[in-house]
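Two complexes, one shared chain (chain A), two partners (chain B, chain C).
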Partner chain A sequence: MQLIKKKRTRELLLIWFFIAPSLAIFTLYRIVPLLWNGVLSLQFWSPYKLPEFAKLYHYEEMLFYDDAFWQALWNTIILMASAPIGIALALFIAVLVDTQVRGRNIYRTIVFMSYPVMTVAVGIIWQWLYNEKVGLINYVLISLGIIDRGIPFLESFDLALPCVIVASIWQVIGFYMIILLSGLQNIPPSLYESAAIDGATAWMRFQRITLPLLKPSIFLCFVIGIINSFTNFDLVYVMTQGGPGHATDLLITYIYTVAFKLSKFDYAAAMTIVNFLFFLGLALLANKAAGGEAGAIDVGK
Partner chain B sequence: MKIDRTLTWVFGAFFALAIIFGTATAQAEKTLTVLTWNIPYFQDGFTKWVTDFNKIHPDIKIERLDKKGTEWSTFYQTQVVAGTAPDIIDVQGGLWLEYAAKGGLVDLTSYLKRDQDYTKRIYPEILKGWVYDGRNYGVPLYISKTLLFYNKLMFKEAGLTEPPKSFDELLEYARKMSKGEKSGFMTLNFDWLYWPLLAMNGVELLTPDLKKAAFNTPKTVEVLEALAKATQEGAINKISWTGRWVEPNGAFAAGTIGMLHAHAPAFLWFKSKAPWVNEDTVGATHIPGGWSTPNSHSMLISKSCKYPDAAWDFVKIATSGEGAYALGVGTNNLTGDKIVNEQLFEYFTKNIPAVVPVLKTQLEYLDKLCGNWPAAKDAEIKEAFYPELQSALLGQKSAKAALADAEKKVNRVLRKR
Partner chain C sequence: MHKYPHWPIHLVLVFVSALMLVPFIWVFKTSLTGENIFSYPPSILPKDPHFFYYVDVWYTIPFFRYLVNSVIVSAIVVVANIILNAMAGYSLTREFVGKKAIIVLYLSCMMIPFQVTIIPAYLITKELGLLNTHLGMALPVCSTIVCIFVFKASFDAIPKSLIDAARIDGMPDWKIVFRLMLPLSKSAIATNVILAFIWSWNNFLWPLVIIRDQNMQTLPLGLSRFLTVVEDTTGALYAFCIMVLLPGLIIFLLSQKEFIAGLTKGAAKG
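Moving on to the complex of A and B:
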């Protein structure tokens, strides 16, 4: 008994020994800044003056007076909610390229190609595609006689965000496809064969076999989609800089504007805390959806 | 085991010595850091500045940093927060106001009063652009302000012979030149650069005491409605209200814009992209009324600078005499030094004649500079005002509603701490 206890202690020590460097870096670069950020959000702070205690001034300002903050939060939620569209499209493509179609490797490569492209380049490409006067999309629509005048996609308060979402989905769809494709290829073909023998239609096979067994892959794509919606700074910054107005501002771009363009680090800190809490809530929900054991370490019992 | 221990001791001693001597060397060396704004190619001239500076301060080393416009402010602010702010900074537009208002810059008023030989060389109207709360915080490094570029080929095609002379004429000409992928007019919008369009109609942003919004008037509603209508019709290209630098200047370079309201540096930028641009195809003039928004670069000294007197000497070298001439030639700009500019015009006439008409506009109508308010919250006011203006110009809100919302927001910015 004592021997087992000693062995377990030694194992735990070894685990701590190995994770200690990462933990130290994580604490230094994540936990400490987060705590400092919390302190900053309760102060009137400027690099040139002594800080003053501000109570909840910045939170009050943000929640009751700052329309742009709410718009940015709403846009972030919309972008997040658009993740299933990308996943559904990726799933459709993955199922297509998983069949014995000729040249499937070429199709896979073509779909995946958008993912390694730098986000800045993606932004510039789509910016030109959407251009009202010389953009390819308008050119095609005018040539087909669907419209008679170019649509100002990125200059429109109503269309700018959907346009950014399309670009964002286009960029990540290849990555989703690879994840889903590997999930599809892990499903034993015997399951489909026996279902077919039992008379299941293609749709039933997809619904009863493919979808349930793909759940972990779909979940992973969903998590990536949520993270993307919070961190999609570069795409928005290049395509619209959050405009027109604040129509495409995400929390992350608005925080940047407030901190570095308006020099209001204290106010930006308060927004970062809200952003963090929102994200934390989502992470807890996601963890619950995954069975509450995501990231748990089994040290042997 | 013994070897391991010996090695540990040797390395330990080596690092300890390195730290001690490294620190000692760093402490012994006097350094001034200079942060420039997107002129990494300006090497020879900068070396000349340093050489001239070291003639009077041989004990001070100059270190140079250069950042692109898009990252300059982020970089400087993080350095300020880290306590390692560059000593001398080259700043564009009104960014400096925030720093000055928060006490982050050295007041140069006494230096300017003391060094009259220097001060007399600088255009007083331009120097005034860096005054906040009665104190002067900066001096011009190179100067630029907005003007109207016009595509002579498109003018000819539309049967137009000369640039517009009034706001109404500007919109009328824009309409005449708009067709298909072509737009009649485009403006840059960052840093209040669009303000001459409002200034020529007598619109004021703030009251003279800078304490309240003054723009919500029937005249402004009328002007915004006219601009919005022209934008909806395509006479004014919508990128005017959303793009920054590359998109509008790129569109002009593509030959599809009749008139471009931009500041002088735009000329050499779009010329480099468009072989068709020359004196016969592109004209440079003032926007009706002669109004313009300055977007000059200035040199300022951070409050944390340990050697402000020496930093001032460096600033003088860079912004006047031979140092300024080197900058003008190296960056194809005019400087704040009147005498140097005369020499620069000789140089440009001989070497880049196409740029001369553009640069001439930069020294005219210096009494009609606008869009340059010495308000501490310049950036915040801009952030409160512009999205509302955009919503009116792009047809999201009526001009009246947008101005009312903008007024509310700007007044709140001015009221709060």
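Moving on to the complex of A and C:
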């Protein structure tokens, strides 16, 4: 009896010893920062003196006086709203590479290739493609006779954000395609066969069989799109630095600028809290809409 | 199924592939020739290619230094991820008081994107004295929740009888994890390696925040800094781009299957 008890104690010790390091990392770099953000956002903070309680001062400033914040929030929403375009394109490509065409694996590889590539490099490539004088896009447009002179895409207030969005879709589309493709391959072919026998046209089969059964994969893509719009720092930082003005600033890039360029940690913390709540609300909403399936991990017993 | 002609599909797919490939090809071409103003007729193949820009990059900027830093950080992250995640994953296959709370805690942590933690994370790293260090860059991503659950699922699938047999033979538990269960979880390890490598190799925001020292910069930092100091039309920038892209692309092309499987598993990581 004593022996079993002793053994169990040793077992428990090992279990906790094994879980301790990862638990420490998550506490130190996820939970504590989240709470600390909350505290910081209610303080006047400066590296040189003791913090003072600021009540809701930063939140007031952000919500009522800071146009750049609203611009960044709006840009984040637009980036998010553009996700369905990328997903629709990816679905189109996924359906095509799901057929029996020869070389489909090569096509898949090519489309996917831009995803694992370093985003900083993608940003550099695209800001060059958009270049007014030597960019490939202007070159093509001029040789086709659509425009006479190069357009400074990334310096334009109206065009800069759409241009960044195109680059971001270009990078992520292969990933959407892979997710949708694995969804497509899980649909039993017998369904299509029996529908075809019943005389359903290809379009009807797509609408009635493919789309409904693909719902979980589409939602997963959507969740990735939402996460992307909150985390896509690298691309904007490299391509435009949030400019011109704040035309391409996302919440995350604006927070970075305020915190690490202007050294206003307290104010940036308040924005982070708003950013986080917004993100959390959307993620929960998306999860609910998907019936708790989107992005769910199998936790096991 | 119905027979349908394949050529329209090929037509569309070739067009799509061109859109995906042309940026890469053009960057590669420019890195070899430096010519940005296009020649008539425009050619896909570079005229008079040379490697001067690559030589330039190698000697004028501390490319090797950046590379070494990137490799060190990624190595720390990958090794730490395998060991720490396997340990935590094993614990979660066992029964103990507080297990439910831990799982809930981990799942909630997944809802906190790293990006919303940068300000306090910076202050914490500063307190720990880890600014401008490899460990400081690596520490926040030394364990990942998705991968913990990947390991847990893999460990759950190992037959109980095998573990019991090892236990009866007097194998201590920690040995069971590292000598028996880990070698049986090859695909979980592959997922871990790939995800950890991608996240640390491409990581930009975090090093940008905590690294001030020139000698500690990683490849993405060096690349973005180089962009600000050179004219963005020189061949050297694109040679640098290619040198940064190539290792990742080669690794991807060599291990495509594991790569895609791994990334899909880690899809919804916050």
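The rule we apply is simple: the second predicted complex is superposed on the first by the 266 of 301 C-alpha atoms of A that agree within 3 Å, B and C clash if a C-alpha of one lies under 4 Å from a C-alpha of the other, contacts with A are read in each partner's own complex, and residues count from 1 in each chain.
Here, a residue touches a chain if its C-beta (ideal position, glycine included) is under 8 Å from a C-beta of that chain, and two chains touch if they have at least 3 such contacts.
Because the structure is predicted, anything quoted here is derived from the model rather than measured.
Student: Could you look at A:F276 and tell me whether it touches chain B, chain C, both or neither (first, second, both, neither)?
Tutor: The second partner, chain C, only.
Student: Report for A:A68: first if it touches chain B alone, second if chain C alone, otherwise both or neither.
Tutor: first
Student: For A:L211, using the defined touch cut-off, is the partner it touches chain B, chain C, both, or neither? Pick first, second, both or neither.
Tutor: neither
Student: Touch check for A:I110: first (chain B), second (chain C), both, or neither?
Tutor: second
Student: Is A:E155 touching the first partner chain B, the second partner chain C, both, or neither of them?
Tutor: First partner only, chain B.
Student: Determine, under the contact definition given at the top, whether A:H246 touches first (chain B), second (chain C), both, or neither.
Tutor: Only chain B; A:H246 stays clear of chain C.
Student: Spot which of chain B and chain C makes contact with more residues of chain A, would you?
Tutor: C
Student: Thinking of the overlay built on chain A, is A:F44 touched by chain B (first), by chain C (second), by both, or by neither?
Tutor: Once the two structures are laid over each other on A, A:F44 reaches chain B alone.
Student: Look at A:F260 in the shared chain and tell me whether it touches chain B only, chain C only, both, or neither; answer first, second, both or neither.
Tutor: After superposing on A, A:F260 lies in contact with both chain B and chain C.
Student: First (chain B), second (chain C), both or neither: which does A:T99 touch?
Tutor: Once the two structures are laid over each other on A, A:T99 reaches chain C alone.
Student: Touching chain B and also chain C: which chain A residues?
Tutor: Chain A residues touching both partners: 127, 133-134, 259-260, 265.
Student: Where on chain A is chain B touching in the complex?
Tutor: Answer in residue numbers: 44, 46-49, 61, 65, 68, 127, 132-134, 149-150, 152, 154-157, 240-241, 243-246, 257, 259-265.
Student: Over in the complex, which chain A residues touch chain C? Could you list them?
Tutor: It comes out as residues 11-12, 14-16, 18-19, 21-23, 25-26, 28-34, 36-37, 40, 93, 96-97, 99-103, 107, 109-121, 123-129, 131, 133-134, 136, 139, 170, 174-175, 178-179, 182, 189, 192-193, 196, 202, 220, 223-224, 227, 230-231, 233-234, 237-238, 252, 255-256, 259-260, 265, 268-269, 272, 275-276, 279-280, 283, 294-295, 297-301.
Student: Any idea which chain C residues touch chain A in the complex?
Tutor: Its residues touching chain A are 1-2, 6, 9-10, 12-13, 16-17, 19-24, 26-27, 36-38, 42, 84-85, 87-88, 90-94, 96, 102-103, 105-107, 109-124, 139-140, 142-143, 145-146, 148-149, 152-153, 156, 173-174, 177, 198, 201-202, 204-205, 208-209, 219-220, 223-224, 227, 232-233, 237-238, 241, 244-245, 248-249, 252-253, 256, 259-260, 263-264, 267-270.
Student: Applying the document's contact rule, which stretches of chain B touch chain A when the two form their complex?
Tutor: Those in contact with chain A are residues 73-74, 77, 80-81, 98-99, 102-104, 181-183, 234, 237-239, 241-242, 244, 247, 251, 254, 256, 303, 379-380, 383, 387-388, 390-391, 394, 396, 412, 416-417.
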